[in-house]
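Worksheet: the structure to be examined is printed underneath.
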């Protein structure tokens, strides 16, 4: 029985994230999705609240029939107090065996605590990127709706998330 | 399509909580479980980390086949800054229609924001109570294992949670 | 030209506070009212938000024709980090010459920084006391309305502050 | 009886701000001035403490005879936790009906909570701007004294605020 | 080459603490003194600032000729976020091999992280106790001066620490 | 008997810092070394924890035979709340007579509180600079080892501090 941890900001959760989840589930029995920078929202880089991100991921994984292998956790940032970051993450998550991340700082911090870290292959990164999706929304290019799972696109429209991002871009 | 919010500390998650979850699911299509006092642990009143509590609840609901109707969120406390509590909870949770709680302060705060609040019937409260369970553990009375779902009892034993509570009681 | 500082929690602002304000204004040209514990509300000891307290004081002093001698400042607490308290208060207030307070800790802290501290005479303290007023409200004794300035009583009724205190007392 | 809220940093309070206050008072019975970024000072962008800013505004409004229509509140920032910002502002202010602001983020946040937001016309913005005033002070151009109300200029000189800004500019 | 960590609040540093330091130095090459609850002061339980406590310990160890085996660190509390406490302590201290403490919570937390914890024998605890010393000061019993090292007694007198404790006791 | 305060980040402690310490000790009987930005680490600008920095300085001063004239204190930052900075520093340090610093903001803040501030002469600043040392490490230029005291170089190698900086540079 193995359990991996996958941390991201998921602003928003897109098809590249979903493929990463499936790729990890081929290697681990269970997966914890840690939603980072939990306390931030309504910025261009972090437009969605953590609650909105939980819903995006949950509704997608439900439609994929994956919920019985996946746990969630919202993880607030600790500013730049990086030396306690690993301990903070462990507080907010069920026990895990391995961390999946491409973030160099997380790699350093987890490795310095003796925890196994694995990179995640990029899946068409030039296409599936949260930054690119936010930029398409700002440019009013509906193509963004093809880059996120269908339930995510519907939810963003429903809560006016696309308008929110456009307004944030005007600041 | 309706969605309720049920907030608790779940220290630990017991059979009374599980019955409350099922009772709410008879009234709502979906349920968000908000795990409060998220940042605290290793105190007599809050012995388990939020990550441990997420695991207890998740593994129970998985064995009950309920995961596809239930979302999770860890909610840090905001000390006594109660006037922003509702806004803080809304940040950490998907959108909801109704709050289920017996906590008088939560009732006041949500009602003052115009949100519908419902009490939860108590199910054998003199038997199923987190305080009572922690006291049984301290007294070394194995009866506590009958008061929590089986996966919770197994997990507490596995992580040494019973020993932790006994040590915390000696402080 | 002299300016005094008078710090309190004003939960709520009552006729004893008003007499203290007038007594200080006989000794100082101008007065700063510092509203302490600014971030707390919806507790039995601190039922009103700082914004509600600002309004109570402002509307009373307006009806007394005193606004052109009085400044306001909301001062958040700093937990128990008392050694920086004086510096924190000075940040939140216009320059002052003297502090009027009966709080022994404030007396120690300001004196240790070389600042002149004066006690305030009590005016019928057994009658005019915020704790007593909150208790009268809990007991549903309308006498509380005679202990606060008329605009304060009206405002508390208007925002349902009396009901709020009763509910908080039931927790 | 209507009450507006006008939020700014007022670093320092200048004649453009004063004209905005008067313009709002033509539309509202009462006005709350919310002094934002309350906890910051001694930076080039935020040179004055909140207490100094309270004094600047109070002494100007007193000389204008406007104090009996205006309330004050110092509002600390909440970093980037924008989703609780509206709730935080409501805690620190008396009840209000409308918000006057040209800040796009505030507009989004208040509108998403269903609160009426109004822009403020700019009054000679190329002349009356806090950034420009700070720059004139740095360049030792006395013209800045014509851009702020007379009591503000006198107070800045008295506390050495001009020297402070020059030193901060040398960092 | 071995290094121990000894954590205390040292309110104030007394002869029992000094004997504990010497006892540890018989077992370790070097010792780190971690001064806990660093941010608190001017309370009955924590009357002295962390800077004052650093001076008390430093001046005593200097007179004992022990400074070349002892490092200092001031460690702020993290409220009740106990699960990150060990990581927090490690951030504030040089690397160590063993922790010396009689505090049950610290014992649990360090042991759960796999760190060796040793109790310290009590040296005439009924005599040498910081609580007792503070109580003697409150009772104006000069006997307290025999319970702390001579440089500590002199420093407390010099900064008026005895008067401060008496005033704090009157609150 | 005079005592100076010397505040720095010491990322890492180098030979220029050591010369400054000796230069101050020619002018003062005792010196407090205040290690600023205590809570930060694992960033390119602040790679070392405060505990690691305490060790670097302590082991150097021990080898120089200077420990009996020098006290240490770790001082956490207070973000941009500069008006309380002096009070915060005084909380974390033993009493001092004079501050030695070349930082313009510290100069302003201490002078505005009436505290004597002295600049420190630069000793071959183009050679001895923490930024330059971190850059040499990133470029894999062993010359950095000549710029720090020998015990500092050994400690950095031992804890893998050079590798840490290189990884942080790759982020």
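Order as written gives the chain letters A, B, C, D, E and F; numbering starts at 1 within each chain.
The rule we apply is simple: contacts are C-beta pairs under 8 Å (C-beta built on N, C-alpha and C of every residue); 3 or more make two chains touch, one makes a residue touch a chain.
Predicted model, so just to flag it, every value in this text is computed and none were measured.
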| item | value |
| --- | --- |
| Comparison of E-F and C-F (more C-beta pairs in contact) | E-F |
| Centre-to-centre distance between chain C and chain B (centres being mean Cα positions), rounded to whole Å | 38 |
| Distance from chain C to chain A - Cα centre to Cα centre, in angstrom | 47 |
| Set of chain C residues in contact with two or more other chains | 39, 41, 49, 81, 83, 90-91 |
| Touch-based graph of the chains, sorted into line, ring, star, complete or other | other |
| Chain A to chain D touching residues, read off their complex | 39-43, 46, 49, 164, 167-168, 170-171 |
| Complex contacts: residues of chain B adjacent to chain D | 81, 83-84, 86-88, 90-91 |
| Chain E residues within the chain F interface of the complex | 38-39, 41, 49-52, 54-55, 58, 62, 67-68, 71-74, 76, 90-95, 159 |
| In the complex, chain F residues that touch chain D | 80-83, 85, 104-105, 107-109, 112 |
